[in-house]
Structure formats: C-alpha cells, structure tokens
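Worksheet: one structure, shown below.
Labels run A, B, C and D following the written order; every chain starts at residue 1.
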Amino acid sequence: MGNSNAFHYEGEKAWCPGCGDFAILNAVEKALIHAGKKPEEVLTVSGIGQAAKLPHYLKSNGFNGLHGRALPPAFGAKAANHHLTVIVTSGDGDMYGEGGNHFIHAIRRNIEMTVIVHDNQVYGLTKGQASPTSDKGMKTKLQPEGVILTPFNPLAVAIALDAPFVARSFSKEIDFTADLIEQAMRYGGFALIDVLQPCVSFNKVNTYQWYQQRAYRLGPEHDPTDRAKALAKAFEWDSGIPLGVIYKNPRPGYVATVIGDTEPLLKRKVNTEKINSLLARLY
Amino acid sequence: MPHTTLTLGGMAGQGLVTISDLLLKLLARAGYHLLATQDYMSRVRGGHNFIQIGIDADRIFAPQPIINILVALDSRSIDEHRHELTAGSIVLHDSDNKPPDINGVRFAGVPMNRFANKAGNPVYANAVALGAIAALLEIGMKGVDSLLNEHFGKKGEAAVEKNVAAAHAGYDHIAKYYAETTSSLPPVKQKTRMLINGAQAIGLGMMTGGLRFISAYPMSPSTSIFNYVTASAAELGILSEQAEDEIAAVNMALGASAAGVRTAVTTSGGGLDLMAEGISLAGVAETPIVIANIMRPGPATGLPTRTGQEDLNLVLNIGHGEFPRFVFAPGTAEEAFYTAIHAMNLADKYQAPVFLLGDQQLVDSYVTLDRLNITKVRIKEHLADPAKVPAPYQRYRITPNGVSPRLPYGTPGVRVMYDSHLHEEDGHITENADIVRAMVEKRFRKLKGMVKETGKPIWYGNKKPAITLACWGTSYGASREAVDALNRAGIKAGMAHFNRLAPFPSREARVLLANKKHVHTVEGNFTGQLAQLLARETGIHSGMPVTRYDGRPITARHIIDKLKEVHGNGKFKRISL
Amino acid sequence: MPHTTLTLGGMAGQGLVTISDLLLKLLARAGYHLLATQDYMSRVRGGHNFIQIGIDADRIFAPQPIINILVALDSRSIDEHRHELTAGSIVLHDSDNKPPDINGVRFAGVPMNRFANKAGNPVYANAVALGAIAALLEIGMKGVDSLLNEHFGKKGEAAVEKNVAAAHAGYDHIAKYYAETTSSLPPVKQKTRMLINGAQAIGLGMMTGGLRFISAYPMSPSTSIFNYVTASAAELGILSEQAEDEIAAVNMALGASAAGVRTAVTTSGGGLDLMAEGISLAGVAETPIVIANIMRPGPATGLPTRTGQEDLNLVLNIGHGEFPRFVFAPGTAEEAFYTAIHAMNLADKYQAPVFLLGDQQLVDSYVTLDRLNITKVRIKEHLADPAKVPAPYQRYRITPNGVSPRLPYGTPGVRVMYDSHLHEEDGHITENADIVRAMVEKRFRKLKGMVKETGKPIWYGNKKPAITLACWGTSYGASREAVDALNRAGIKAGMAHFNRLAPFPSREARVLLANKKHVHTVEGNFTGQLAQLLARETGIHSGMPVTRYDGRPITARHIIDKLKEVHGNGKFKRISL
Amino acid sequence: MGNSNAFHYEGEKAWCPGCGDFAILNAVEKALIHAGKKPEEVLTVSGIGQAAKLPHYLKSNGFNGLHGRALPPAFGAKAANHHLTVIVTSGDGDMYGEGGNHFIHAIRRNIEMTVIVHDNQVYGLTKGQASPTSDKGMKTKLQPEGVILTPFNPLAVAIALDAPFVARSFSKEIDFTADLIEQAMRYGGFALIDVLQPCVSFNKVNTYQWYQQRAYRLGPEHDPTDRAKALAKAFEWDSGIPLGVIYKNPRPGYVATVIGDTEPLLKRKVNTEKINSLLARLY
C-alpha cells in the first residue's frame, strides 16, 4: 500500500509477530481506500485489548476508550455527527465479555456503524485467560481444569436479536474481510463482523491451522435473509465454520429513523427564542 | 416570621399531584411566594405521600416542621401528621372519615367523595378539595374557575363544567359551615410569578448552556430532569437517549462530546458509581461532560425517593487516577439554573468533567421566582478554530494553561485522537516517563484557571456573628431561615454558602470563616462532609456539624435544636420559628 | 550502603522471566537478600522490559537508580539503561551485538545465541546468560547445575543436559575472557531464604485468613494474585470464578459472603470503579468482603503495567452513601501477608468492606524473607452461634457495638434477609425516619471498635528528627532507605509508615507527627493524597509532599532530590546513596 | 393458603392493586410448598424494581441486592452453599436491561437455579419508561415519539446461548406458573421462566386482555428439545404467544461439574498443613 494509502500508519505496532490483528488492520485500510473514504471522514472506536489498539494504528480519527465500552461512544459520536463513517474494532473479551450488555442493546438500537470483532477466543492483552468465546476445555492459568462455560455464540445471539447484518470472516482472508467491511459500511445499520483471528501467543488450540481446516466460504445457495437457515449456519462450528454474510434483515437504522436528513447535532446552535418559550410556560 | 404551611396528604395514586399542581399555579398567579416540598414513598399506589406548600408574601427557603392547614385525602394522613399540628391548625378532611380529637386543632369536614360522585365521577374529588382549600384561604373562586377551564379545556366542555361544579360545591360547603375557620393570607403584590422546580431549572440551564446530547438511565430522583429535557428535546434540536445502563449513558455522552457537541448525563448515587470509570476516562481523555448527580440517601438502594447530601466526598473523588474536576452544589432552583449554564460552559472551556450536585429536595420542590434572566447568557464557543491551530494538529498539545485546542471529528485535513491511556500530544499511547509527567502536569495546570471561575462562597447575615453556619447545596435554605431567626432573636448569626466545592475556594473560605467562632456546617449526612473538606482545604476545624440523615429535608428548627445541644438552651430561648 | 544491582533487560517474550526466576532462586538459596522489581510494557512481544535485582547481605527495601551489572538481551537494553550505568558498571551482552562505547563501563560479551544454537535451540540462550551471570557474580556453578536439574527435570534428561551445557558455556566464557571483570558479592550466612512476591504474599494471606470464594475479572496488575490463588484453589477447597465483568465479580462475592463464607475480589482502578455500587451494597447490607485493589497509574486505562499510588482518595470514598470501611496499604510483602490475614478476619468481624491497597511494585516485586509465621494465626469464627441468637432472628439487630449477629443462609429455623435499602432490624425495607436514623447510627458505632484494631502507624529512624517522612504502601521502602541515608549523613531523619488509612489512626498520627518539623509525605501520585488525609484527620498541614507520578517506583535518590528542592542543597551534600 | 403456608408473608405489599406481581408471588409459594421445601432451605435473590421486592414478601431467606445485579449474588450464594434452593426474581429492566451482561454469562455458567422474570414490558418502579422488552411504538415520557428500538427477545437469546431450560408463562395462570417453577427447580441447571405480567399502572398497551388474547399453551406436539422449533416458537409474538417449556437441553450444571458431591464451601475450614506446603514451595 505504502504512500498511496492515506490511512497507513508507519509507526511501530505493539502486536506479536504473526498475530492475526495485522491482517485485520490491513483489511480495514483496504476497505476504506476502496470505498473512497478520506481519513477525516472516518472514526474508529475501540475499547481495550490487543484488537482495541487498532485506532492507534490507522491514520484517521480515533476514540480509544475503556475496556468493554467501545459501542456507547461510537453511538454518541455517530449521533452527534452522522456524516462520520464509524467503525468499531474490538476483541471478543471487550465486546462479548465486559461489553456484553452494550452488544445486545446496540443491536437493538441499530445505529449505522460497522463493528469488527477480532475474535481470538482468548484474552490476549492480559495474557491468556479464557474469553467468552473460548472453546470448552481450553486450559489457562485461571481455568486450570479447562473452560467449562458454554461458549458465547455471537452470531446466533445477534440473529436472535434480529441484527440487520451479521457476518463472519477469518483474518487471513484479507480481501474477503475487506469486502465484508465495505458491504457493512454501506449497509445502513448495525453491521457485525466477527473475524476469527489467531492469537499466536496464547491460543494454542484455535491456531491458523485449526481455523484453516474448518473455515469455508458460504456459497450463493445460502440465503442470508432466511432467519432459520442463518441460525443453523451460526450454530456450525467444530466441523466447519461458514464465512461470509450469515444473516441480513435490512431496515432503517437509527440515524434514518430518529435524526433523518437534518443537520448534524454538531452544527446546531442554541435557539434563545425557544428557550424563552419554555420559560413562558412556567407562568 | 413563619409563613403559612399547607400540607396535602394522601395515598400514591390518589391525585395529590393534580391538586397541588393546580393550587400552586393558582397561588403563583395570585402573586404569592411559594415553596412546595414533596415527600413520597417508593411505590406507585397506596402508602402515604405528602406535599408541603409554604405560602407567603416573601420568598421562602425551607420547609417547616409545623402545619397550619392539613388537607387529608385519607385518614392515615391525619395520623402521620398529627405531631406537626398545633393549636389553631386546620384539618380539611372528607366528612365521611371521622377524624380523631386533637387538642386545639380545628376540623373542617367536606364530603369530598360524595360531592365528586354527585358531579359524576370520584376523580372530581380533587376539584372539591381545591374549592374547599380556596375557601379556607379566602382567595375566592375566580382564579379556580379560570384555571380549571385552562387545565381541563383539552378534555372538553363537560369535563370543565363538572370540575367547576365540584370545586364550587367544596367552596360553598366551607363558606357555609366553616366560615369562622377560614383565615386570609397576607396581602401581596398582584403579579404572576414563575413557578419552577429544581429539575426544570437544571434542565433549562443545560439547554440554555448549549446542551445537544443527553443520555441517561432512569433513576429517582434524577429522572425528572431527564424527563423535562426529553419533552423539549425535539423542539430544541437535542438528542435524548435512554441508555441500557449508566455505563452506556456516560460513555455515549463522551463519544458525542468527542464529536464536538455539549453533553450531559443525569443520575443518582448508584448510577453515578457505575459511571465512575467513564468519568475517569473524561479526566484523562479531556472530554467535556456535565454530570448531574441528584442525591438520595444511600448506601446502595437506600431510600430511593428521599433526600440527602451524602455524595459530596464521592464526587470529589470518584474515578480512579487523578484529574481536575468542577463540583457545584447550588442551593436553590434559581442558583441551579445559572449554575447549570456555567457547568455547560466550563466543561467545554476546561475539557473536564463538571458535576452538578442536587438532591431530591432541590429537584422535586417547586418555588416561585420573578424571572430567570437569559439575556446576559453568552454561549462562548470553545472549540478551536481549525485555521488557527498549529499543524500537525495535536489533540493533547501541551500548553501553558493546560487546555489544548479541541477540534471535532470530521474537521477537514485533521486527525483527532481521543485516548484512555497516558498519551503523547497527538493522542498516541505512550509509556514514556517524561511524556507521562508532562501530561499529568499539563492537566493539573488547568486548576489555575478553574479556581478563578464562578461559584465563590456567598456570605449571608451578620458580618460579626457569634454563630456561623456553613452550608452547601440545599442546606442553604434552612440555614438561611435559621440565620434570620437567630438574628431576629438577637443572636448574631451569619452563614457561608458553598456552591463550588471543587476546585475548592480555599482563599475565600478562609477569609469568610477563619476568624469566626462557632462555625458549624449544616449538611444532610452523618459524617459532616463539608466539615471534612474545610479541614482539609483550609485548616479550619469547625465545630460539631449540624447533620440530618433520616432522608428528610433540614429545617431551621432542626438546625436550632442541634445548636441548642451544643451551646446549651439558654440564649436560644427567644427564638421564634 | 548501596547494594549490588543487577538489571536484566530485553524484549517481551525473550525469556527475561525465566532467567530472573532461576537467578533469584539461586541467590535466595545461597542466602542473599534480594529485591527484584519488574518494569514491563503493556504488550506481549517486543518492546523493552527489564527486571532490576538488588543483592545484599541485608534486607533491601527499594530499587536503585543505578545499575552495577546490566544483562542486555538485546542492544536496545543498553540504550534504555545507559543513563543508569556509572563508572565500574558491567554490561553483559551478546557478543554478536556491538555495544556502544560508554565512559568507564566495562563490557562482557558472550555469544549467547551462538552457544544456545550449539546446544541445540535458541531458547538455551537463557541458560547461557544464567551461567555467565553466575560467573560475573563469582558464585560458582554448583547451584546453577542443581537448579537447572530441578527446573527442567520435568522436561526430561535431554532438556536438563542441554541447559546445563549452555550454562557452562556461558560461565566458562566469562571465566576465560573476563576474569578481571567479575566481582564477588558480600559474604552472607549460608541459609536458604524464602523468595516471595507481593501477589503471593497477599494470596497466601487471604488463604490463611480463611478465603473460600474469590471472583475477579483479569486486570493488570491485580491478576497475579488471582492467578496465584486459583492455582491452589482446588487443593485448598476454595472456589475461584472468573466473572464476566467486575460488577459481577463483586456481586458474586457478596452473595457468597451472605451465604456465610469468606470472600475476596482482586482488581485495579478501572475495575474498582465498576465495583463501586457493589461496595456500597456491602456497606448497607453489612456484608463482609475483602477488596484487593492493586494500583496502576490512571486515570482510565492509564499505564496498565506500571506502578503508582493514585487510588487512596478513591478507596476512602468509593461507593455512594456513607458507611464505615477499613483501608490498609501494607508497605512490604511481609506486611502484606499479615495484613491480608487481618483483612479477612476484620471483614468478618465488622461485616464491612475491607480494602487492601497494593500496587504493581508490591505485587510484582520479589523479595527474600526468613519466614512467614502462621503458627500464631487464629481464625476466629465470627458467624453467630444459632443457639445463642435471640429469637426471632434479626440480621440487622441493633446492638451497642453496631455489629449484629450474623447467621448464614440455611440455618435451621431461621430466616436471613440481606437488603440494599435502608431496612428494619429483620432486613425488611423501611422508609421510617426513626429506624433509618437508628440504623445509620448502629452502622457507624462499629467505628469505635474498628479504630482500635491493627495497623497503627509505625515509626522508624531518629526519634527527634530534623526531617520527617510520612509514607503509606510501597513508598515505605524508599522512605526507609532515604531515612537511613539521611541519618548516615548526619541529618537526623525519621518516618511514620501508615498501613491503616481508614479508620485513620488520628490520635497516633498526632502523637508521631504533630510536634515534628518538616514533615513530608512520600507518595506515588501528583496531589499528595496522604498529605490531604493528614490535614483532614489530624490538622497536620505537612510540607511539600514528595511525589512521583510517571509510573515508576520511588527511590531513595528521588526522595533526597525532592527534599533538596525544598530545603536547599546545602546539608544534603554528604549523602551517599 | 393461610396458616398452612410457611412461606406466606402477612405484611403489606407495596404493589398496586391488580398488579400481576401478586399472582407470581402466589405461584412461587405454591411451587415451594408443593415441592416440599422448608423456608430455611430456600433463598430468593433479586435486584431492584417492583418485581424485585418479592423476597421481602416471602418468608424465607432473601438477598435483595442492586438493580440489574440479581444473578451474580445468586451464583455466589449457590456456590457457597449448594444445598440451598436458589430462586431469582427480577423484572425485565433488571434482568435484560441493567443486568443484560449477567443474563448472558449466567446462562453460559449454567448454575442450578430458577430465574423468574416478571416481564411487564415496562419499568414499573420508576414510573413507566420503556424497558428492553417494550413493544415498538409504545409512548412514554422518555420515548415521546414511541419506542423505536427492536424489543429484546429473552427466549430467543437464551436459546441462541443454548440455555438448558427456557420457559414462558403468564402471571394470571397461577397453577401453570407454579408447575413451571417446580419443573425449573428440579431441573439441575439454569432455568429461565419469563412471565408475562401486566403492569396496570404504566403499561396501557400490554394489558391483561392483550396477553389473554394472544397467550396459548404449547401442546404435547411441541418438542422442546428441537432447537430450531424452539427458536421458531420463541419468535412468535403478535399473533400468538406460546406458554410452557419452549426449550430444553439438559446437561450437568455448574455445581455438578465444578463442586460435585463435596461439602459446601460454607463447611470447609482452613487447612494449615496445606498452607504450610504452599509456603514450603517458596524456598
């Protein structure tokens, strides 16, 4: 990409060599360039974790907030200036663990944004504890007998909540991921992309090879508007992991419904007359 | 001099609020000064709620521990308020409920429910009561008629007529059977006064101060502010969002703030706790936000619908790590309005969290005012001018006054990075010790400007007092009445009211208090939090604080009683309250 | 006298921890006193991390700002630590990395990677380095051989042999080419010392104190305690649960506590914020819980892997509403162990939240000790005896000392109600003002007992000092070394160490400090939080606090430098550090 | 019930006359008595809300904690003393709004307890704001233009998360609800019962009549072990609301897996020998 890529950050990235996060960053850049975005139009929002460092590694606007709290500020920023293209980048712990409640309700709120979850099935930054998506049996310092909790299925939950756009990718498939991100950005609603992302340092179960063996692309025979079929796909795992758009149920997003075609909040000024009319009602 | 107090009591759901809304409007339009404090239980139906309305020719600052007129919608109301009735008190009750015999208390029975049913529906009992009250206060029926017309006009002519008929029935009954029981109010200038509660005052202040985005999760007693703003949001171009929880609420507001708009959140103690980490984020990411924390007694769920002042220490210290903040605690609705405007401005000017501490008493109490002056309000734009910002743009540029130029997301040619770590000037994560040190120092340099801003303590009363009170927030009202009572009784008294509690106006506090003897803080808590703050910030170790911690508002009588405990009964004998 | 400091530097993932673990064990078994402080970045691979190991015949209390021996696993390590090298310092490096020329510094190059590859694998570089260090310190290879046997035994004989071979290659290389560079350590009593870090000390203390249930959400630097306890949980009959967030963690622990078991949570600043409401619940529901808050610099994400002492004000005030609490901040691992035991006992005894404030420096630093004495530990059962409790059982029975008899759920014939509201004695919701008042007073009566408990301030140094330090938590170590240095230089110095910060030992603090001149608090924060507390609680307005707020541990040199700024250079000239 | 009912609380209940909460309380009592429980064996845990007042109105052990936080203390108490029968009673706001993250992860944790959600599709105690389950279009003071968020579907989400026992009832059907509660208590895992509960004061949309018209009992033809069918049932709403056990996927719960047949934590004592052996490892 190099110079022609206005989003490219040249500085050091504190990820481990071989980490799947590099490829996701690459895909984000590709999607933005291909969609013809300018850095000033784009805002990436994240929580805390390895994945969540991404906004620092993209030359664009950023909000690197609190662990688990990527979605609320993303909502606030989009609501305040709906001309921004908002992308959330988050980890599986950040989004489905600490941030699980926001995940549920952001889907319900359905504001127009792209949510990319770097799903490495582990807490990377804090050195290898189980995450909500860790497979059963995985051993860690905090799960010395292996994980016993049923893994969180983000796709199935999103579909159960009737999320308008639910997709899955694998970090290694950079162009495929970039294309999904572009679709999501254009979608006009809350668009979730859960990206399988090998953590080479802490997840010794779900390795590149492990994903490679199972991941397959959904063909045209899959109808993402069929909710029951989408759920069936979302439940697939050990014997094959479908990649692509799993579910789609288009409907007007929050901006379209609540804010409409008006000026962004950012541009609005206090109207003294209206304040006076509120005061007058108190007599 | 004590004013007339009229207390309306009844069960939740019995229509208390309707009667009091109408009565207050009636009296405010007639030119009386009013203070209406609400006392309600954490339930939707049943139980015992009451509203105390103080009526006078002059402004009223605090509720009274006695009742001149009790309007008892049920018989429990008489039992509950029996101890506040004195010789000469009047009790208005449904004549179908036999009242007890109480020494010196006069009873006026009106068949409220029967009259209401005669007018066609039990709900008209409210109108009967209103008419009866008008008769007791000798204010005539003209105001009542026109108010009922205005209020029920939307529901059609029949509704108006029936309400009017019911009200007249109540009025006539009193006029006929209890003519000797009625008592006139003091004469007043006939002018229509503004009637406002603290929730409206804060909401109006925020909106006047440029609020564009508000997010909150319902929690008593803060919800009334959120309700009030939401009702006018569409009209004023404000976005109001009910969040899934308080953590979302505060983080939503921070995102909107980073995008360049003025934001606020409203909550109460437990919800504030949940916002703590977000407030800390506002601190390090230097994101403007106004946090209205409306106190109720804690800890945990505590007393959800009552009043207290237990969260001062909390807001002074909430959020891990260190960062400058403003904390304001206005004493009255009027002060709350102007303080809310300042809060919106100051958050933007210093890019820091600003707390507005209120309590149930402030937000739920109605008070009369002549006007709120917005002609002098200037909303200064504190966002930087992109043309004047040195390139490359750095969100956290190190500056002499600690404030960095702030540009919104979407500014052409500019990258804006907000970050929760310790960061470099451009917002990039750092672990470099020198940069960290410089950033901490930059942030704290803001204090130099902040401490000069509005909210200095205000003195009231005698300049050379024998007894001095120090108050914050709503303890202002009772303190003021106590000071007046003491001075009236020949005991020189004065008081310092603290609205701004952080950065603490230490110099001014010392000037006002250091050479005074017998300084007592007055606070709605157990531990005396202002007393602790004074000790810490000024070295002034005040005397035994006057505290109240049972969820009820402080009264002048409460203050005097506590002072007696400390100073002995002797010189307080002459006090009339 | 300054001890020998050996610093190991390299990238994350390069094996620093392995080398230091082995080296520390080696030296502890040889009878040396050690203090190993870790400095690492918030990343998993790359960057620059280092461990500083102080080695001496006597106990060591703080890290040093200079390095005697630098073991540089990469060349960046030399750049990063260049300013700490002095004349006579030795740098051990891979001879394939050309070191820079530094005045007076001696370089010892060992082909670490080549030797490792010769032994069969790059990972053996750690063993090469270990051998080379053994040579530089002149401690021979016997200990190294047996340690490698023990450590790699599980991996099979081949692994042991190759490691031993690699270590000998490193040793021999130094012995052969740098014989004049090696320098022996001071003579010590040959006895095996215990090697422990603060995380282990706190974890062991909790377990010794009867911990049965621990829930937490991972957060640096607190995770190491949670890891340590979890590793032994099954063996000790403890349940350890990783919660979905900190809110769940604290509320889980409260549920378990209500069911009658001793519980603890571990977290750090941001996570603590999220626990605030739960802590407030512990306050009003009178539910025992120990909260270990391990500080890192804030606000918000701050510096995740660094050290600081910014959360004192927070823990003193966290949670809305008012309730009594204990706050402890032990200064050393040894003190942390005993304090953790007390914390578990006191939480149960007073049915209140107990905070254990530590920091990254405390939990991550290894230190040698002779022993931890558990023979005197008594775990007193504070649950009530069902046979002796007056009927009907009342969870919140009003008692003279404020503590109510506590029975666990499941007690035959008894109903146990925990409640988050203000409640009656049996736990039923109430809004009654008299009961509310009585309950608040009951809770605060506990303070009378609490203030008499363990954790009084400790004096160290000259009894009639010209300069006095006041410290809390880990600022103890550097303060102690500074006091020693000052006294050695003829400047009379003493210090008060505060472990218990709430309820604050005001009387004792006044006795120790009120008549002293030049009192300076020493703290890892910007605003001087202990100084504020002293002002508030004792009226002692201390001088300019000695602060550090760049995420690095305080050293004696740092203290002396700050004192010079205040008191002038003059009398500090003779100080040797 | 009267005297023969050891669980019956005679004092005043601060619910509105006609509120559906009375009937749920009644059903809880019935289930406990029918199952032969003694008050001392039972623990009810709640957050804050009208529903959450229930533990105060049942003569048994109680933990009335924080808004949104019923599940974590319930877990803690059950883990500390697994002989307790733990029942959580919560509102739709409490459980799916403020407490949404615990809801997700408690299902994954699958500890043996019965979770009853009084689902009145509104915030009752705080006077009528929209809750996560409020129907679209409902107007409140905070949603003056009507609710626009997609309602949270608790049953579908629970099934997406493979909750072992998912049921729905209607408060009016007291015996039916009592029977479901008893099944849930016996189930040996996390058992969710979402109970439609009319709020006569604030929900003027979903009234007794509204529910009555739509609610129907699932017949024997419904196979609750068929996940796809269960999901289809969970999605039914406007045209008919199925009552009964919607989904079942039995598997060992947390106590069975982690704690097993051992002594409750409550009974365990510190073992000094073991502490000494930990100390010994430090040399």
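Criterion: contacts are C-beta pairs under 8 Å (C-beta built on N, C-alpha and C of every residue); 3 or more make two chains touch, one makes a residue touch a chain.
Given the structure is predicted, the values throughout are model-derived calculations rather than measurements.
Centroid distances built from C-alpha atoms place C farthest away from subunit D. The interface holding more C-beta pairs in contact, when A-C is weighed against A-B, is A-B.
Averaged C-alpha coordinates put the centre of subunit A at 37 Å from the centre of subunit C. Distance between chain centres (mean CA atoms), subunit C to subunit D: 41 Å.
We define each chain's centre as the mean of its Cα atoms; on that basis subunit B and subunit C are separated by 44 Å. For subunit B, the set of residues touching two or more other chains reads 41-42, 244-245, 247, 270, 277, 281, 285, 300-301, 420-421. Residues of subunit D in contact with at least two other chains: 14, 48, 64-66, 97-98, 100-101, 104-105, 132, 258.
Considering their complex, residues 96-101, 104-105, 107-110, 132, 148-153, 156-157, 159-162, 227-228, 231-232, 234-235, 254, 257-258 of subunit A touch subunit D.
Only residues 28-29, 192-196, 200, 204, 207-210, 212-213, 215, 232, 235-239, 241, 243-245, 247-261, 263, 277-278, 281, 285, 371-372, 374, 379, 408-421, 427-429 of subunit B touch subunit A when the two sit together in their complex. Considering their complex, residues 13, 41-47, 217-220, 223, 226-227, 230-231, 234, 240, 242, 244-245, 270, 300-301 of subunit C touch subunit A. Residue ranges of subunit D in contact with subunit B, taken from their complex: 12, 14-17, 48, 50, 64-68, 97-98, 100, 123-127, 129-130, 132, 141-145, 201-202. The part of subunit C that touches subunit B in the complex is made up of residues 41-42, 247, 269-270, 272-274, 276-277, 280-281, 283-285, 297-306, 310-311, 313-314, 316-323, 420-422, 431, 433-434, 436-437, 440-441, 444, 525-527, 532-533, 535-537, 539, 541, 549-552.
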